[in-house]
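Next, two complexes with chain A in common: one pairs it with chain B, the other with chain C.
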Partner chain A sequence: MKSILKIALGIIAALGGFLDIGDLVFNTQAGALFRYDLLWAVALGTLGIAVYAEMCGRVAAVTGRPVFDVIRMRLGFGPGLVALVASTVVNLLTVAAELGGLAIILQLLFDAEFSLFVVLAAIGLVIVVALLPFGGIERIFGYCGLMMIVFVATAVHQSPDWGEVAHGFIPSLSSSKLYLYFVVGVFAAALMPYEVHFYSSGAVEEGWDKSSLRENRLNAAIGYALGGVLACALVVVSGYLFHPLGVEPGDLGTVALPAQGAYGETGLLLALGGMMFCVGGAAIDSSFSASYNLAQFLGWEWGRYRGPKIAPRFTVSWLIFLFLAMLIVLSGINPVEITEYSVVFAVVALPMTYLPILMIAGDRSFMGEHANGRISTTLGWVYFALIVVLAVAAVPLLLMTNGGGG
Partner chain B sequence: MNEQGEILVIHRLLDEQILDSEGKRCGRVDDIELQGSPPRITALLVGEGLYPRRVPKRLRGLARRLAGPERWGANALRVPWERVDRIDATLHLCCKAEELGLGEGDDPERWMVRRLPWN
Partner chain C sequence: MHGRRRPGIAAALVVLGIFLCLFPGCGDLSRDELNRGVESLSALAAQGELIANGVARDATKSTYTRVMAKTLGGEAEHEAEKLADAEPEATVKSERNAAVHVAAELADLFSELQTFPGDEHHGVLVEKHMGEVKEQADAIVARLTGEPAK
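For the complex of A and B:
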């Protein structure tokens, strides 16, 4: 019974950690522009992160090795360094986007100067990380992020034409560059690499071993599936409300409006609260991910479980990443714009970190009987091909559509 | 190590994470010292001063300028092969990191680390 409860709590934490500012921005815009047409891309991205996370979690549980440990081993120093630099740039942009998003949400909740909230949000995150152990951080943001369920309730409350919603899950392509840009965007927003890097390092932080493999499978299968439902709900509520009106949501406040339409002020507060914890949690995950990657590549001591006394370089680099992200947001670039760049460049960098994991997860000399089976191998390579295609298409589409601006 | 182990040197040894006798992470295998004929591994080489060796030839000059020269005992350390205890999922040493000068960046006795507010 206890283990079922533990697994259920783990799943909830995984679910809460799934959504971030990338999903909020891209999925809401995708709904407003194309109604339910892009739901298939959300589902495809969700299955992709489940496949990738399951492999990373399994490698971490069996060998004790998180992602960048494996990357240095498999790619060697030079190519590994390229993967590290690319991932770090993307991570830094992501931390900036999440921090800026957090400040916008705080501003909507407690009206005051934006830049003040950027600084307060950064200080708040440092305090939370300093006071709480790793599991506590993961759980607080995971559980409170569940307020996002209000978007699922809103979708049901709106009672859209479910046949039309179901039709959105049938993949379709169009020659519209804007449509293709959003295919890449919602797919990439679901498959942000920092989530997986964080997940695999978290497995080491929590001392996973082979007995955790069941928990890992369930997290990937159920946690990410439920996360995918939330991500789809964002598209549906926006498609229902904004598409007929021709509204293009350009800021984060608009994301929460459908919940207000359905449940009044309570709905709005739940939506903003859920968004705050999702984005705040993602700010911690992405900034941790940046210093995990650096420390693992260079062989430093790392981890929240080691504490700042044993892992000072890891802790200092985390503070520096957070500080640099704060400077980026304070420079005045719109956080929604930073989000778009972070998501698009994330998919460009993704193949470099995905391939080594796919290789080691299939390597029997490392993984023994837990190496990829037929299904994981097939899915893994299909997704690798897909990611490579999207990585190549991402930047041209970004430029041709002027960052989704049409 | 057995004969089969020798051909796995690059595959399994280079870039491997190093743990000391207390399980502390204290660097990665940045290069390997071979001596004799047939060559045998005599030491593992560790440290950021060795990074320029690991980048493509054309970039080596630039990397050397950025990282500075190899200073043995400072940014380039030699771990004698006898100090390696075993290799399983990672590489374990049979002594503490400090004895070999490894993991100094995380050493609380170093002045920069000592000045951190939590120390």
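For the complex of A and C:
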């Protein structure tokens, strides 16, 4: 029972981190454009984040060091600074996208001025973080995010051709630039750097040690598998409903339409509620990640568990990131556009995040008997090679497809 | 500088005039661009049909319908303005005009949804009209591409 309760970290990472506005947007658009053809990319991305999250959690549990600590240690100050700047820019864009997404969902639920909801969403997040302990934040956003299961129920209700759905899990490539852009987008949305930053720092916040290794494996396996199932469900329901009609889901509200089609107002409310907690959780994850990275790189005291008195610079930097994100959204840029850019630019920053993790997790002198085994090493390097290829292709594809606009 | 003649500009205007006389069919809206615009309209109409279906079945939330209708109606209006402002190639001028008409009709339908987000009767009517507008958009695409309508 204790183990089951303890996988909360994995669930929030999977729902509030893995399933964020990037997944909602890219997976729904991928289904609308290519029906089930990109399910393999979702599955591939899910396995990738599970592999790397497990490594991060293991490093944190064995050494007590979170990701950015490891990045600075392995890359040194100069390249580490480059990694810090790149990940901070991506994290800031991600926080803005999640905050904007949260405001859109609140607007769909309560219909008032968008800018008002941006401010209210930011204030709400500050209050939640100020009042709740780290574990409480995890539980609220993680468990309420489970409302997203309505998309799995919708997929079952729609009763698609399951053979065709299964066929979508067989990897296939096309010469279409738009298809390749979405392969990159769907894969990258699953592997956003802030997810591992948050996961490993969260492990330190929760005081993991070597006895937590089993819990870490369960978190990575169950949490991300659950996130993967929900992400696949988004592709399936969108592919079933939107693809034949030629709908181009460019608005966050459109993501909830299939649930409304299947279960009426209840389905709509569950979908919007699930999306709200996933996006809200991701806003906290990504803003925390930005502050974790900065504090860990500069050697500040950090952590929600330490509180603002012991870790004042960490707390202030978190508030500044949230404030800057709020200004970006209030400037009028469409949050869905910010999402697309943050996901694609995140791909470019991925190698700088994942290579140091792979190196340290495989270092026997550092990790001892808990260093990567044969399977982790192989999977880690295969994924790293994939990440490098995608990092090179991401920006040209973004430009060639006009940001996925064709 | 005021009142001073600018031979460079005058020459450019003469060249532009000759160019426009020689190539009157060359507009800034190509067949492909128009086709993409009309496909977007068809996609908006399909979304509108789904939203209106929720209203017709009393299976949605008014705030959701109103906000979505406002957003999508704004997109339809923007598309209408974009198409109306563009100078089309001579061969697609009539299709451009038809597309502007479709976009304007679509914007009106979304406006109706925005005004009556909880009225089932309006929902039924708007759903039907959205379907018709989508058919019109698909027919324009078919004429532009030479492929049968979806």
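As a working rule, the second predicted complex is superposed on the first by the 389 of 406 C-alpha atoms of A that agree within 3 Å, B and C clash if a C-alpha of one lies under 4 Å from a C-alpha of the other, contacts with A are read in each partner's own complex, and residues count from 1 in each chain.
Simple rule for what comes next: contacts are C-beta pairs under 8 Å (C-beta built on N, C-alpha and C of every residue); 3 or more make two chains touch, one makes a residue touch a chain.
What you see is a predicted model, and the numbers here were worked out from it, not measured in a lab.
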{"item": "Combined model on chain A where chain B meets chain C, clash or fit", "value": "fit"}
{"item": "Partner chain(s) touched by A:126 [first = chain B, second = chain C, both, neither]", "value": "neither"}
{"item": "Inter-centroid angle chain B-chain A-chain C after superposition on A [Cα, multiple of 10°]", "value": "130"}
{"item": "First (chain B), second (chain C), both or neither touched by A:152", "value": "neither"}
{"item": "Contacts of A:264 with chain B and chain C, given as first, second, both or neither", "value": "second"}
{"item": "Chain B versus chain C as contact partner of A:302, first or second or both or neither", "value": "first"}
{"item": "Chain B versus chain C as contact partner of A:330, first or second or both or neither", "value": "neither"}
{"item": "Nearest-approach distance, in Å, of chain C Cα atoms to those of chain B in the combined model", "value": "38"}
{"item": "Touching residues on chain B, where the partner in the complex is chain A", "value": "14-18, 24-28, 30, 46, 48, 51, 54-56, 89-90, 103, 105-106, 108, 113, 116, 118-119"}
{"item": "Chain C partner contacts - residues on chain A that touch it in the complex", "value": "107-111, 241-242, 245-251, 253-254, 256-257, 260-261, 264-265, 268-269, 272, 406"}
{"item": "Footprint of chain B on chain A - complex, ascending", "value": "63-65, 69, 72-73, 76-78, 80-81, 296, 298-302, 308-313, 315-316"}
{"item": "Contacting residues of chain C [partner chain A, same complex]", "value": "36, 39-40, 42-43, 46-47, 49-51, 53-54, 57, 59-64, 66-68, 71-72, 75, 150"}
